[in-house]
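In the two assemblies presented below, chain A is common to both, partnered first by chain B and then by chain C.
Up next is the complex of A and B:
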């Protein structure tokens, strides 16, 4: 009886090695190519760090990097301000709305970002009218974009604590709702907040659809623009953004693993992605 | 009366959230749906009728081809990879590394992915140059990377890892005991897969395939960065509708195209939800 099982184990091992090697190559070759391409010398020989230097020296590119980082920070702030009080409130006082809020938060996964862009243009005419035409106004759309991912992380974090007891204890000691949320709940869900923030930052740094179609310059728009004149800079900037995103998302998956009692990590994707975009995908 | 009012009071806490979503999610969606049936404020079916015109149908067909082929490629290859992962030790380093990598790669798309492949297989890409110098074959050809075949290749890069992540839970749900039971009853490997594991996994597999389909269908950024001219697929057609104001003589065509996209994605996601419900009956 052990013989066929051993044979199967050997077969499975061979299958595993072939699969990992072939797919590993498929996934690694483009990344290695990016390193090669972006450091290639001008005369077709030698190596140069010019394209990487442009990340720090090219005014257009640095401006775009700063814009994207600011957008990421603002989106995180907006997401936390919108989502945390609402989710806490729903769990404590308006339980009947729980399913509705979950449904609404996951909705942007089913409505393609591109569709929202088409419809949001008239809304943005008003936003520009009230707040001016700064690229930072994209924050409003990005908060919607990161909603499903942030919701999942925060929902997991809030499920892991005894919210009712905590808030009742705080309230009976005289705390107002603001104190309950800011000084009791938030310190208890720090790791969930961090993972929500990480995924939001990763998504915003990779976002292209909204920015390009609403005519704002963020990092990805400028990368795409450089592709026409200096592809090397585009590739180096892409790789830099990519590595930054990888690090963020890997940290995120470590955070997710650290959380007790949940098998899945916070980057459990989609019931879509987008990576368009997810996205880090569009 | 006062009691009822007091009971309704906590609901007011939902106002900021609902208000925000109204402005930045519902109104845009409503604008798309209403705009598709309007022209200069007058109701009309002309925009929707324009969806039946040659160029739009062509883009839709190409989009369906891209989505279906990347969904099938992603599902088959990703399914194999997921199976390879399942045969690893459950808490081993290999499994952890592969699932983490897949989680990251599934989110990786957009402009950066397009440039990754331009650096690889573009006119002077690393692999193109390497193959040309060593074998003398020109992989670049006539620029297939910047058309439908290229889009399919590039989308596979995020579809395969996505498949691993969505399909892994179903594979994990298959118990070793079932295989042992089947073997004790004399089943061959083929019979086990054909009659036990296959039927159990099929709904999850098809569901994941649909999810990949919707994911590819809705993707925009990667294709937009890759293809700068022409509208081979529907999302890029929407781009020209938005940037050139008037396309095929219709100002509101963009809304109708977006509506078409909503309809396709909604149909696919409904199928997905039904299949997931079926899978969750025996999973966990």
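Up next is the complex of A and C:
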């Protein structure tokens, strides 16, 4: 009885280790190669941090990095301000619209970015007219772009709490709608909010199509540009963007764990399962 | 534990006037009138769908009536939003804010009212003491049992010194033992703070045991509003009679205000059929069953329930009756024992249906 079970356990362990090693290699080798390539000295000899230094010193690149980070922050703010009140309202007051809102939020997922950008270009003529030509106006497009991912995450977060009862309890205690959302709903969906925010950041940092076709210089556009002139800088910037994403993910899961110690209802961060990785491309 | 004396607020009168509410064609409330006296605990009792919860939600401001008014004291609050109504509410579902401790939950309403920190903490502590949970003040909802959560919810609702306390089936999610305990606790606390309270429940034992008056609702209307004893001993309608406690329905004839039931002649109540055929409402304890060889009825079933025993009998004309017997008498009864059934009642409700 025990022998086959032990053998099975051993075989399972072996399978796990092999899987781990193979997949780990699959993910790590390109990253290590990027490190190797971006630090290679001229004429193939020695090591140099020149390409990495460019991230801080090349004015074009640093500008693009700052633009992308600003865009990421603005997109997160826009997404939260748009989605949280809407989703709370839909759940509490206009349930008949729930399907429609879900459909609308998931729509950007089904339409290729290229198609959206062609459709959105005339609208952006007006955005530029009213708000000027700053790259930060991309925020509007990016908020739409991150809707499906953020929606999924927030939807899970809101499903995990008894929104109706909590909001009614808060209201009977004297809370207006703003207070209900800010002091009762938001603190109880922090994990979901964080994961929605992280997905949005990862998406924005990896976004190329919109920016390129609407002629704005964000990180990916500049990386692509550098790819033609200085491949090493391009690779180091890509890797930096990826690492930034990893760090965010790590922080997120740590935060999630910290909260779980306090209460058992904490929601697992969803970020691990998102397709954000494919967006963060080099 | 000699904290400063509990600040309480005088109970106020609450009036529900002609409340109507329809949900997509279904009448949830069909002209509800109800007045709660200052400091009184009134239970609304009824089967699911009778409109009792709707009534409570209209008072709370969580729903709007199609017509009618809600008046608290001398203030018409019909169109005042829930957050400005000054009502404390305890819900059926656990409603503590999960991200706050028990203490912080109780402080929540005070914080919104900008009560300063030390006063807030003191009052919250006092409320937690009142519900016997001072030692659990730093726990989160997930670390409290269901009964404890509802106690904190009660403390939270009362901390703001509401004009009215609304209890929406606060005990339904708890198990039987905790339910009975918390029920008495709620009554004790309510008497202590003296807040006018509306208590919605589908459990008649709950309603009868802790209320000053009980309103029985049916199809969006109030059937009867009376103190528990009166509701039980003198139900005014057949619905109330059947809904509250157990009731035998015995066909009978009424002549000149007197009904002939099981060989006895008994006065009928005011709201009864005055003459002709009717159905007499008879409580099991109003029927005395005695073993007798000459008896024309037969025992069908004997159920021992602890303090009393229920005896189901079949009369000569085929009616099944439920009667109640005490231990000594019940011991002599077994299935098929011939028995005599005697009616012991001063007056009876005889309804037409």
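The rule we apply is simple: the second predicted complex is superposed on the first by the 220 of 282 C-alpha atoms of A that agree within 3 Å, B and C clash if a C-alpha of one lies under 4 Å from a C-alpha of the other, contacts with A are read in each partner's own complex, and residues count from 1 in each chain.
Here, a residue touches a chain if its C-beta (ideal position, glycine included) is under 8 Å from a C-beta of that chain, and two chains touch if they have at least 3 such contacts.
Everything quoted here is computed from the prediction, not taken from an experiment.
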Based on the superposed arrangement, let me know which partner A:163 touches: chain B (first), chain C (second), both, or neither? neither
Going by the contact rule set out at the top, does A:202 touch chain B (first), chain C (second), both, or neither? first
For A:193, decide between first (touching chain B), second (touching chain C), both and neither. neither
Which holds for A:250: it touches chain B only (first), chain C only (second), both, or neither? first
Could you say whether A:238 touches chain B, chain C, both of them, or neither, answering first, second, both or neither? first
Considering only the touch criterion stated at the top, classify A:173 as touching first (chain B), second (chain C), both, or neither. second
Once the two structures are superposed, pull the chain A residues common to the chain B and chain C interfaces. 264-265
Listed in rising order, the residues of chain B that touch chain A in the complex are 10-11, 13-14, 16-18, 20-21, 23-25, 27-32, 35, 77, 80-81, 84, 87-88, 94, 96, 98, 100-101, 103-112, 114-120, 122, 124-127, 157-158, 160-162, 165-166, 169, 189, 211, 214-215, 217-222, 224-225, 228, 235, 238-239, 242-243, 254-255, 257-258, 261-262, 265-266, 269, 272, 276
Parts of chain C lying in touch with chain A, wherever the complex brings them together: 60-62, 81-89, 91, 93-95, 97-99, 108-109, 112-113, 140-143, 153, 156-157, 160, 166
Touching residues of chain A toward chain B in the complex: what are they? 8, 12-13, 15-16, 19-20, 23, 26-27, 29-34, 36-38, 82-83, 85-86, 89-90, 93-94, 97, 101, 104, 107-108, 110-123, 140-141, 143-144, 202-203, 206-209, 212-213, 220, 223-224, 227-228, 231, 234-235, 238-239, 241-242, 245-246, 249-250, 253, 257, 264-265, 267-282
Which stretch or stretches of chain A touch chain C in the complex? 161-162, 165-166, 168-176, 179, 184, 187-188, 190, 262-265
